[in-house]
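Please find the structures below.
In the two complexes below, chain A is the common chain; its partner is chain B in one and chain C in the other.
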Partner chain A sequence: MIGRAALVLFLALSSAALAVNPDEILADPAQEARARAVGRDLRCLVCQNQSIDDSDAGLARDLRIIVRERIKAGDSDSQIKDYLVGRYGDFVLLNPPFKPATWLLWLGPLVLAAIAAMVALAFYRRAGRRAPERPLSEAEKKALEALIKDQG
Partner chain B sequence: MIAEIGHYALVLALFVALIQAVLPLVGAQRGDAAWMAVGSQAALALFLLVGAAFGALTYAYVVSDFSLANVAQNSHSAKPMLYKISGVWGNHEGSLLLWVTILAVFGLAVAAFGGNLPPRLKARVLSVQAMISTGFLLFILLTSNPFARLAQPPFDGNGLNPLLQDPGLAFHPPFLYLGYVGFSMAFSFAIAALIEGRVDAAWARWVRPWTLAAWCFLTLGIGLGSWWAYYELGWGGWWYWDPVENASFMPWLAGTALLHSAVVVEKRDALKTWTILLAIVTFSLSLLGTFLVRSGVITSVHSFASDPARGLFILAMLVATVGGSLVLFAVRGPALKGGGLFAPVSREGSLLLNNLLMSTAAATVLLGTLYPLFVDALGGGKVSVGPPFFNAVFVPLMVPMVLAMAVGPLLSWKRGDLAGVLMRLKLALALAAAAAALAWLVMGGQPKTLAASGGLALAAWLFVGTLVEFAGRLLLFRAPLAESWTRLRALPGAAWGMAITHASMAVLIGGITGSSAWMEEKIQVMKVGETVMLAGHEVTLTNVRDERGPNYLAQRGTFVLKKNGQTVVTLEPEKRSYRQPPRPTTETAIHTTFWGDYYTVIGDADGQGGYVVRLYFNPMVAWMWVGILMMTLGGIVSLADRRHRIGAPVRKRAAQPAAT
Partner chain C sequence: MRHWKYILPLVIFAVLVGFFVRGLDLKPAEVPSPLIGKPAPALNLKPLLDTKPGLADADLKGGLVLVNFFASWCGPCRIEHPLLMDIAAKKIVPILGVNYKDKPEDAKAWLANLGDPFAKIGVDFDGRTAIDWGVYGVPESFLVDANGIILAKQIGPMMQKDWNERFLPKIKERSK
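Showing the complex of A and B:
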């Protein structure tokens, strides 16, 4: 009996619901699919690097419900995101927007790839300069033939 | 008393490490054999002392000695023994102690198995290892002492986060650290080579097995972490591009590049400077990874600043290690003579391409991981860099990589024949196209399945390409079968290793693609006796009952999975409530098949006789775990190559005259 009571108490204390809950899911599968796609790009602001779809925090649930309400109201995906950015700032977007503060972030990989390509190019050029193609000299040819004869 | 012995051993270890850092180095410079020999003895002493400290802390956890602050904060008397022991490294202080312990094991390994190393190189390697030990021991003793006592010990401990009380995660940190610390060997060899001013085939032959061993451990460690996330967190995800994951992924990427460039040094005496740089970068990323996780800088810049002693020490150590080694590299690197030449289209060229793509990938992950910190620190506000960013930049780097992975091993050294190789890969191309078409048809040809088709095509291309290369080595179907059999038996471990790891990459890509592409889910309230359909199977909730574990209470559901009325399997997921600390966890129950996992989660009761249940069909997830195991196995097979045991090629007496 005590065990049962304790269990109820603990389950009550820890009534954290996991991620997307049945009562949140929209009846229209297409709308729900949109809600999931949008949710994956939104950060649960109080969590460490989790999307609202993956989080069991209360705030994530609130945001999931907001997203679904907006979808039902006929907002487009970008309108929903704009609305949430207006409330919480860029921090809410897991996919950072392209703007001056993130130029370095988005262009960085391209710059890095370009640097890598240039390093490779310089490497092959230098190697090419260091070893000009040169035919064998007469003496070397004779030595080579002698070696081949030896083997045979 | 035992804790004090542990603390004392740690202090002694610091002094031994200082001796090991200085004497062999000076000895090597002067040519003093006795001073150089100190290195091996010191390595043994360091191992015994650090081992004693680690043993003392483990003992305190095993007997639940709550007079130690560390044990009181992180353990609990009712915890199962496995988690008492894994609790040793489940916290900041203990994990650092594990780090230095593993470092001491590697140091001892150099002393014990380095008999065929030239004495000077060995002395210098041991010295560099001891410098790293010194830094870490200082850090532990000055800022993170695991042996601090409490004046008033509590009656019981605070317990370990229940999410961490899991077999997968119990062994995840040791493997990760074996990987991180294993890369310190490559680092020490690189620094020793820079001091010596020479890198040759023999050097690469020594470095490669250590790097390979570290890489195997790290691969397995990352795999364990990912597997744990998959079955423990309860929604079937396995990779989140979380900073903590990225911290272990960056050294893996750099380490993979290092393994490949060391091949070029060994076989062709080229890319030496680059290999040295990679060794430094790989270990620096390992250090960075350790510190990113340990310093709390990831959570926020502010938590980092709130404990300035630790944070500043970490920063100083990083700057000293990375900065110091890069300065040494800048000064001595240019003196290393380049060796063999090669054309861009050649085996070496393909290995260099691997290196450039891997390095770019590692740098990109680093950029994405640290960017929010920089922006925040510079007052640019808070930005999130999440999975959408990483997927967008990472996939374009990996596609050419995988395409080249099938081609590279078929190219000959120095100058390859690309057209000829592509002719040999006709079969791979055809099967890749078939895989893409098949995936397209199976998934109903929607535009969003394009990526999945592409992923499966890549996997098929790489898998078949690897088989073609392997068959080529055996002259399969071109020579009599008897000869192929003889060749198969004579094939070196390294050739097997490469074939297995490259094929494992294909399996891994298959799994990643499949599990991201067509997952099926049922999230709903179910009453006992109800049935839902999941991926062609009937799933019935037959029972929900309460269970009592050693340190938790659980609500356990029973699902019966049926196919056409025939029972396939019974699955029993749990929702647990731990007592100390009071936290809920989900324990999923998974039925794994070749084509996918049936993944069940039981949630809260809705108060009207129903329960929130989550049922997922996650396609091809097992492929990922098999891929990671294969990858590790391939590394081990390559490690068993008898050429590693016979030892390195003998170094030539005099340095070669410079090429004219």
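Showing the complex of A and C:
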């Protein structure tokens, strides 16, 4: 019973581990919250599928510190992101911007879904328009009756 | 004309194979640098050695140079080192070394051991210069022209193939 309570407590208190070290955290909670929000959108270039807040890589730490320095210096969130995009390109953003170079990325799935929908629509339309029902001819009727009699 | 239905899967398969073959040569781990074709970022670093100067912005305005970010703790740096030594020995282009997040004594021992291909070496102890240059791992190398414009970038160790195919032609083109 105690074990189960401890497990529940443990699960309730645990959350996704952040790599942000205590010595990096800003004194002002509002600024720190901004730093966390910005950090979640920035890719750690070393591990690539983690944000800088999630990564223990040395470069991620350096970038977290830069984000905090910029916040203290009074930069806006988009200025901070521009600063890093200027150095590492759009790839540093976990959410790629919508622009001509990324149209295919953002719109590609929609285009494919639209094509699939059109193909499906055409398929079902044609299936519905199959050859009209034709009554059996005299010869077919006789053949059918013969078959049924045979079975009986 | 009724045969197209049977050929279509083959065509789709061929297109798919085409994508896969192309994918074999792609390096998704490499982040394309936005700095290529743009002015090189600032470079102001204290010297590593007493015998060689550090780095300054003026070093990027004197002619073609290869800027190489290296560290003694970096394994792939050892792989490219013989090529850098060769480039230096043949005096193809001066190599400016940026010693990234390294202990100076380790870097000095490393150079004493393996040889020193660098014309000048600056110390980037906190890695800030590397971030300005969009470096996300060592080694990385940049070819910078006399106007301080970045012509090419190598991510990871410079191999003979990279050097011959992407760097040498640009160097030859400029030195005509």
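One rule holds for everything that comes next: the second predicted complex is superposed on the first by the 111 of 152 C-alpha atoms of A that agree within 3 Å, B and C clash if a C-alpha of one lies under 4 Å from a C-alpha of the other, contacts with A are read in each partner's own complex, and residues count from 1 in each chain.
Keep this in mind: contacts are C-beta pairs under 8 Å (C-beta built on N, C-alpha and C of every residue); 3 or more make two chains touch, one makes a residue touch a chain.
What you see is a predicted model, and the numbers here were worked out from it, not measured in a lab.
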| item | value |
| --- | --- |
| Touched partner set for A:L59, first chain B, second chain C, both or neither | second |
| Which of chain B and chain C A:G86 touches, first, second, both or neither | second |
| Most chain A residues touched (candidates chain B, chain C) | B |
| Chain B versus chain C as contact partner of A:I71, first or second or both or neither | neither |
| Touching partner for A:N21 - first (chain B), second (chain C), both, neither | first |
| Chain B versus chain C as contact partner of A:Q50, first or second or both or neither | first |
| Touched partner set for A:V38, first chain B, second chain C, both or neither | neither |
| Which superposed partner A:N95 touches (first chain B, second chain C, both, neither) | first |
| Set intersection of chain A contacts, chain C complex versus chain B complex | 48, 89-92 |
| Residue ranges of chain C in contact with chain A within the complex | 29, 31-35, 41, 101, 126-128, 131-134, 136-137 |
| Interfacial residue positions of chain B with respect to chain A in the complex | 233-235, 237, 240-243, 298-299, 338, 341-344, 352-353, 356-357, 359-360, 363-364, 367-368, 371, 375, 380-389, 392-393, 397, 523-525, 546, 548, 553, 555, 575, 577, 579, 582-584, 586, 601, 603-605, 612, 614, 659 |
| Complex contacts: residues of chain A adjacent to chain C | 45-46, 48, 58-59, 62-63, 66, 85-92 |
| Residues on chain A engaged by chain B in the complex (per definition of touch) | 3-4, 6-7, 10-11, 13-22, 25, 40-41, 43, 48-51, 53-54, 89-96, 101-102, 104-105, 108-109, 112-113, 116-117, 119-120, 123-124, 127, 130-131 |
